[in-house]
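In the two assemblies presented below, subunit A is common to both, partnered first by subunit B and then by subunit C.
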Partner chain A sequence: MEYDENGVSIVPAELKKEIFEEARKDFRYEEYVRGCLNCGVCTGGCPPHRFFDFSPRIVLQKMKSKDPELIWTMMDEYVWACFQCFTCAMICPFLNSPGGVIAILREIAVRRGFESAKKVLKPYSRVLLKLTAYGNQLSPDMIQPDFFPDWGPHIGYASTDLAVKRKAIPMPTLQVTNLAWDVAPETMKELYDIFDEAGVFKIIEAVDPSLYEIIQDIVDDVRSS
Partner chain B sequence: MSENILVIGGGPAGLNAAVMLSELGVNVALVERDSFLGGNPKKFKYKFLFPDMQPADNVIGELIKKAESGGNIKVYYSSEVSDFKENGKKFDAVIKSASGSETKTFDSVIVATGFEHFDPARDAKYSYQLFDDVIDIKDLERMMGENNFVRPSNGKPPKKVAFILCVGSRDRHVGNQYCSRVCCTVSVKQAIEMREHFPDCEAYIFYMDIRTYGFFEDLYWKAMEEHDVQIVKGRIAEITSGPDNTVVCKGEDTLLRGPFEIPFDMVVLASGMEGGPQSPEISSKLGIELDEHGFLKPENVTLSPFKSNKPGVFLAGACTGPKAISDSITEGAAAAMNAYTYAVKNR
Partner chain C sequence: MAIEISNRLGLANVKSDYIHTAGRKLEDIHERLLELEAKGEVKVIHVKDENKPIEAETLLGWKKKIPTNKLWHHKSCGQCGNIPGYPVSLLWFMNQMGLEYVDERNQTSCTAWNYHGSGTSNPVGLAAVAVRNWHRAYELGLFPLFHCATTFGDYKEMRNLLVENKELRDEVRRIMQKIGRDLVIPEYIVHYSEWVHVMRFEIAKLKKYDLSSVIATVHPACHTYKMIPEDCIYDKDIYAGKRTAVSTGVMLALGAQVADYSTWYDCCGFGFRHILTEREASRSFVMDRKIRPMVREAHSDVCITQDTGCTTTLDKNQWIGKAMGYTEQVPVMADVMFAALACGADVFKIVQLQWHTTDWRPLCDKIGIDWKKSEEEYNAYLEELKAGGKTVNLYEYPKS
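Now for the complex of A and B:
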């Protein structure tokens, strides 16, 4: 994708229209976008609104505008400011779901491998790998200070001597640190089929091709075992 | 022999219907649930009425005086219609009061059972009943009416007051999608009243649309031009408590400020109007239709807004939807005319 001097991607009008139509065709669209009083209740209750120039009211208004150009302006960065807490959906007097609209737009950004989506998903590559290749989400060896600053001042201590600490847990822990629990090969194969069917592998290929290759190697190994 | 007509409800609409019928020589039975006449304006001691700020007593007091000064009106206080049956083209009603039950036959009936104020405690985001200094427009009417405009939390005069519009109206969460029509004008009127009597108290109005329809718009302009009332576009998302015993309104100023959290000494919620429990009760007792908003349903909203779907039973005032006193009084007269015509035709 090409970018202008402000870092905004330059794309043909056709693509903008396609994206707009993809969002409108989503099966959740009618439920999420009803009408809008432009009242600002959603934004008043929205946590990121206090910190960024971000407003779920604007998201809903732009979506309702039917103007592909306006929707495109949100695709690069805007939609990623949302916490997906759905406070907006809980308090909107019209029963819209601005957070739901954002989910639809984000999914489009991910499916189409937009730069913004790649950037946002980068820190999750380890989680994606564990999840799709091994059926685990977090494993002990992922607990590292760099990745979990929000775990507080003891994260440094928690991330050392993992093998010993695992032994101290009074239940079967496989005595390994690269997995949280064991997933049987049969189960793994079923999981891979589900990921295939649901298009999960395709999405990973779009947003992170090198991660996709690593995952596919593991998948091939397990499938041929 | 003169006609007998039953009027249920002694607010502005029912009072005017009763007075007009009485002047025509009709025997009127006026059944009022409360121990006094005057409806909501009397109950909540409205002091000055929009649009012209005339004392409420000029209107309500005047009507009550006429209704109570004998003539052909028999007022039943603290009473209700406990049983109702059609009798050919006429109606048999049992009027139950403290002094017992009376059965009477009426030629026609006017229902003027009015509205109830939305209870803002039903919408948790406004913290009504949680914080003493969050009140609503009916509470403020009463405070002004009793010359007792102070912060409930400490008895001191407030220095900064917020009015929040559309409380309990235009919100699917509370089940009321409609606009209550008078609350914009009531709030603007109250802000002006407040600034006139307490000039060092600032007034803010948070709105999503200002609906001071028709000539009521004059008050809206006056509020800004003569009284420096601050008008901010944005519906409040939450009311919390703040430092120094304040209440904080949190929302989005959709035009200027973006996010805001402003502390106030007092917040006034513009609670809307509802059909109340009386509307479904009367609907099933008299066999007349209720509409999807919880008010009584006219036979034809445009052609005959004062007629119910049952011949001989007429409607007047806020029982068919939010409206101002002038409209309620007009409908009282229209219903009186129609009830009289029906009675004379079926004599």
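Now for the complex of A and C:
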């Protein structure tokens, strides 16, 4: 993607139209985008609205405008502010789901490998690796003081003698340090097949090609074991 | 100037099988699921008598059968990785009550934390993962019990999408055939907090301590009651039926005081992506919108949660708040962990509060729990294990 001198992406109108059409063709779109009173209840209850330039009312209004230019303005950092809590969906009098719209737009952003998506998700790659390569998302050995210094000095508890502390947990599935629970290799293989068939690996390749290569090495090892 | 009417027909001539009120579907998806089963379109994991179900009511007054026995534990990434006392407390209760269950290695993550954080999946991927795990419970003859609220919310959504969309069903069926499985859907999507809720009077029978002086504030999880809100338990005797009853119900049954606070409706600040990569947003939200109101308005002794991400976010982010003058602190734990403490479960070996960041010792002191003795025994146990001792487990999973 090209950028002008102000760092604003130069995008042909045709691509912007394609993005909107892609969102509108999603089978969830009609469920998520209904009437909008422009009442702002969603924004009043929206948690990230308190800290970010983000408003679910604007998300809905832009989608309702059907103007590809306006929708395009949300595709960079804007969509990544949402907490995905679905407070907006619950309190909307018309049962719109701005959070659901955000999910559709994020899917498009990563599927198309937008630079903004790559940038936002770069620090997230460790989690993505764990989940896609091993079958669960958060392992005990990820909770390290250097990664979570703001969680206080007690966080070091989890990084010392971790193996024996995990062994002391009276659930055998949890007595590992590199996974949240011990996932059987056959189970991982099923997950890989699902990711292959559903196009999930392709999405990761689009948004982080080097991470994709690391994941594929692990996948190949597990599949051949 | 000509005005373009681009939506001349719009939805006006679109037919629906549903009746709506204020846009909300009135038909229970459960009935639609049974219709699909009758047509041979899907297999259904039914709640049977052997599951010893207890009935509850959801938001719109529909009945929901909560199975209490012969359960397949669908674990949570964040609980198992970071809050191990969460699932252990649940299994401990099931052992106390002599209930049957399976906890095993043959389970994947629901992958929904990742989806809501990164967008790196799609409905087919999410639904296929859901059906894969549902089918594992089905082939064991068990009913799946979901530990994580995001799993609960995601699986409720996936069940609805699968019931409503033939194309999605066909695609997921194709993938299931590839991995040697079938398209199965549970009759009900059941969260562990619903199990705790319907078992609350049985749990209360095990109570060891007087909790009447304990003031609790409840943080209901967004993905429990805001995702597919019609499929969440409400009870006319709890909050007059105006808020979800889970978690609060067990606290009341145990005899604790449940105090109100103005921001009960707010999320915890987890944000899925933010808790890992934009934590200043999460921690600001925790202190401003949750912990400070809980302490200042309610004088809360404990914050009770019903989900993985909320427990982590609310517990871990209080320490850093001190740097900005936020002196309010309150220990955070899930309903089932607090209930286990109240029923005499070991603080360290079962409830595993040692992994928590915000100080929980004053709460134990207030209840009258001897946590120091528990800590000494736990440390001695760790030494035994270091010397090659064997773990005392609640359960042994099948090796095959």
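Keep this in mind: the second predicted complex is superposed on the first by the 210 of 225 C-alpha atoms of A that agree within 3 Å, B and C clash if a C-alpha of one lies under 4 Å from a C-alpha of the other, contacts with A are read in each partner's own complex, and residues count from 1 in each chain.
By definition in this document, a residue touches a chain if its C-beta (ideal position, glycine included) is under 8 Å from a C-beta of that chain, and two chains touch if they have at least 3 such contacts.
Quick caveat, the model's predicted, so the values are computed rather than measured.
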- Please tell me which partner, subunit B or subunit C, touches more residues of subunit A. C
- Is A:Gly40 in contact with subunit B, with subunit C, with both, or with neither (first, second, both, neither)? first
- Message: With both complexes superposed on chain A, which partner does A:Ile215 reach: first (subunit B), second (subunit C), both or neither?
- Response: neither
- Item | First (subunit B), second (subunit C), both or neither touched by A:Ile19 | neither
- Message: If we overlay the two complexes on their shared chain A, which of subunit B and subunit C does A:Ile155 touch? Say first, second, both or neither.
- Response: second
- Item | Partner chain in contact with A:His49 - subunit B first, subunit C second, else both or neither | first
- After lining up the shared chain so the two structures overlap, which partner does A:Met75 touch, if you call subunit B first and subunit C second: first, second, both or neither? neither
- Query: Is A:Pro93 in contact with subunit B, with subunit C, with both, or with neither (first, second, both, neither)?
  - Reply: both
- Go through subunit A and flag every residue that touches subunit B in one model and subunit C in the other. 45, 50, 93-95
- Task: Report the residues of subunit A in contact with subunit B in the complex, numbered from low to high.
- Result: 37-45, 49-50, 53, 55, 57, 91, 93-95
- Over in the complex, which subunit A residues touch subunit C? Could you list them? 27-28, 34-35, 45, 47-48, 50-52, 66, 80, 83-87, 89-90, 93-95, 103, 106-107, 109-110, 117, 120-121, 123-124, 127-128, 131, 135-140, 142-143, 148, 150-155, 157-158, 161, 164-175, 179-184, 186-188, 190-191, 193-195, 197-200, 203-204, 207
- What part of subunit C is in contact with subunit A in the complex they form? 6, 22-24, 75-82, 84, 87-88, 91, 103-109, 111, 113-125, 128-129, 132, 153, 161, 165, 167-168, 174-175, 178-179, 181, 222-223, 225-227, 229, 265-267, 269-274, 276-277, 279, 281, 283-285, 288-289, 316-317, 319-320, 349-350, 352, 354-355, 357, 378, 381-382, 385-386, 391-397
- In the complex, the residues of subunit B that touch subunit A are 125, 166, 170-173, 208-209, 233-238, 250-254, 258-259
